[in-house]
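Per-chain residue numbering starts at 1, and chain names A, B, C and D are given in the order in which the chains are listed.
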Amino acid sequence: MRITAGQLEEFLAEHFPQGARYGTLERLGDGWADMKLEVGDEHLRPGGTVSGPALMGLADVALYAALLTRIGLVPLAVTTNLNINFLRKPVANCPVIASARMLRVGKAMGVGEVYLRSEGNDAPVAHATISYAIPAER
Amino acid sequence: MRITAGQLEEFLAEHFPQGARYGTLERLGDGWADMKLEVGDEHLRPGGTVSGPALMGLADVALYAALLTRIGLVPLAVTTNLNINFLRKPVANCPVIASARMLRVGKAMGVGEVYLRSEGNDAPVAHATISYAIPAER
Amino acid sequence: MRITAGQLEEFLAEHFPQGARYGTLERLGDGWADMKLEVGDEHLRPGGTVSGPALMGLADVALYAALLTRIGLVPLAVTTNLNINFLRKPVANCPVIASARMLRVGKAMGVGEVYLRSEGNDAPVAHATISYAIPAER
Amino acid sequence: MRITAGQLEEFLAEHFPQGARYGTLERLGDGWADMKLEVGDEHLRPGGTVSGPALMGLADVALYAALLTRIGLVPLAVTTNLNINFLRKPVANCPVIASARMLRVGKAMGVGEVYLRSEGNDAPVAHATISYAIPAER
């Protein structure tokens, strides 16, 4: 692994000022990262469940972190495609854990997948696959 | 069309208290709806561009509105799959317009697509296809 | 438009020897192409309906043709992502028409969408969005 | 597990007469199945690589088999959404193995994912997520 959790957190905080809304880094390794979303009022839909956009934002930033463990702390990668299946209602008032890992990191492109789970539950609430374009000029 | 813009807005405001963050209704018809996102600080990424989650939230609520023009004001439909391609950088400090329309509304399921454009521009910044499950007990 | 229908057909026949299984070119223009699949036994599922893989192959080759109208007759572009929603049963024993058009063609990547319809019907049987990587070395 | 490999193979052979083109069953368990595609000329693209439609057909039938281990041998489930990321070139003249498992099987809907690998290789050549509608009248 080229970077530490501390370096990655600092980088995300700088480049995603609203990033905290999407989750905080729990663990990371070569090509993977786990993030946690402490659910607040701004993430909720009626009924206490986490909103779709909050889950999508969490998935995106978690896999972005996983990508950075491979390509280093460059702010240029952009999301090109995101596909998400919503599988179950998240547990109300319970943090959501994102487990993200890259499936492939090439020169121009990275692709990975993310499982989202209510903390302490095995069954995923959602599963996403996301692609990033990696600019040549890094 | 079974419902008016006013009824739909009221319904969305009630069921999506944070809905205004995702956009406001511009126009609607049988199976389609246009929504507008006035870009605020909470939607921005560094560089003044609209964040991915803001675009995904806008696409989702716009197509949800399009679905409601067909199935009526029932709060039970849930998003099951969302696929989005990010195509171009949105114009900085410019509202984003979502043009959503259903491709099929069946008994148990609805599928549609959304074009997102910076206001006044033809070239889409993103394109999404989204599926909803429609519960039987409505 | 840089190429003619004849040139494109010849190119596809050369580079996709089994291409005829996926459809034949009907019309093309700048960034778009229409292809037609004459349904044969090898495309069928029980009940006389066209199989999913036959529809996916048709969508892919039609949008590939649309891409080639923009980047020229280079055999290097590869499909990186395909998302398809199956909407309705195709009409039995009826050709399927693919209407493909690019949403964006950049230097490294092209993205487009395809509507598949049973000939003579307006309602789409499927809708696909597909991404292609365009190698630098062309 | 409600069904045996033999029963499932017989069922697939009956309901997918061209199914052998998409792969043969290797192993199965509760909510998962592995299938193998012996690559033949009809699956090839120039260069000896397996075509996209062959990979998509393999992924679809493998996850369909995984679904049947949960819902039983009913021929009514239909694919509603398929999303596939093509990650690497398959090894030429090498069978492709599909590892499919369900992420959720509800009353009306099933969702799962599939890894496709060249036999003997860890790195996936493609990854797909697929949704099925399960009719009520079973």
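By our rule, a residue touches a chain if its C-beta (ideal position, glycine included) is under 8 Å from a C-beta of that chain, and two chains touch if they have at least 3 such contacts.
A quick note: this is a predicted structure, and the numbers were derived from the prediction, not measured.
When you average the Cα atoms of each chain and compare centres, the chain farthest from subunit A turns out to be C. In terms of C-beta pairs in contact, B-C outnumbers the other of A-C and B-C. Subunit C and subunit D have Cα centroids lying 23 Å from one another. Taking each chain's centre as the average of its CA atoms, subunit A and subunit C sit 33 Å apart.
With centres defined as mean CA coordinates, subunit C is found 28 Å away from subunit B.
Among the residues of subunit D, those touching two or more other chains are numbered 80-81, 83, 85, 111, 131. Against subunit B, the residues of subunit C that register as touching in their complex are 83, 85, 87-88, 103-104, 111, 113, 123-124, 127, 129, 131.
Listed in rising order, the residues of subunit C touching subunit A in the complex are 80-81, 83, 108-109, 111, 131, 133, 136. On the subunit B side of its complex with subunit A, the touching residues are 15-18, 22, 42, 44-46, 51-54, 56-57, 60, 75, 78-86.
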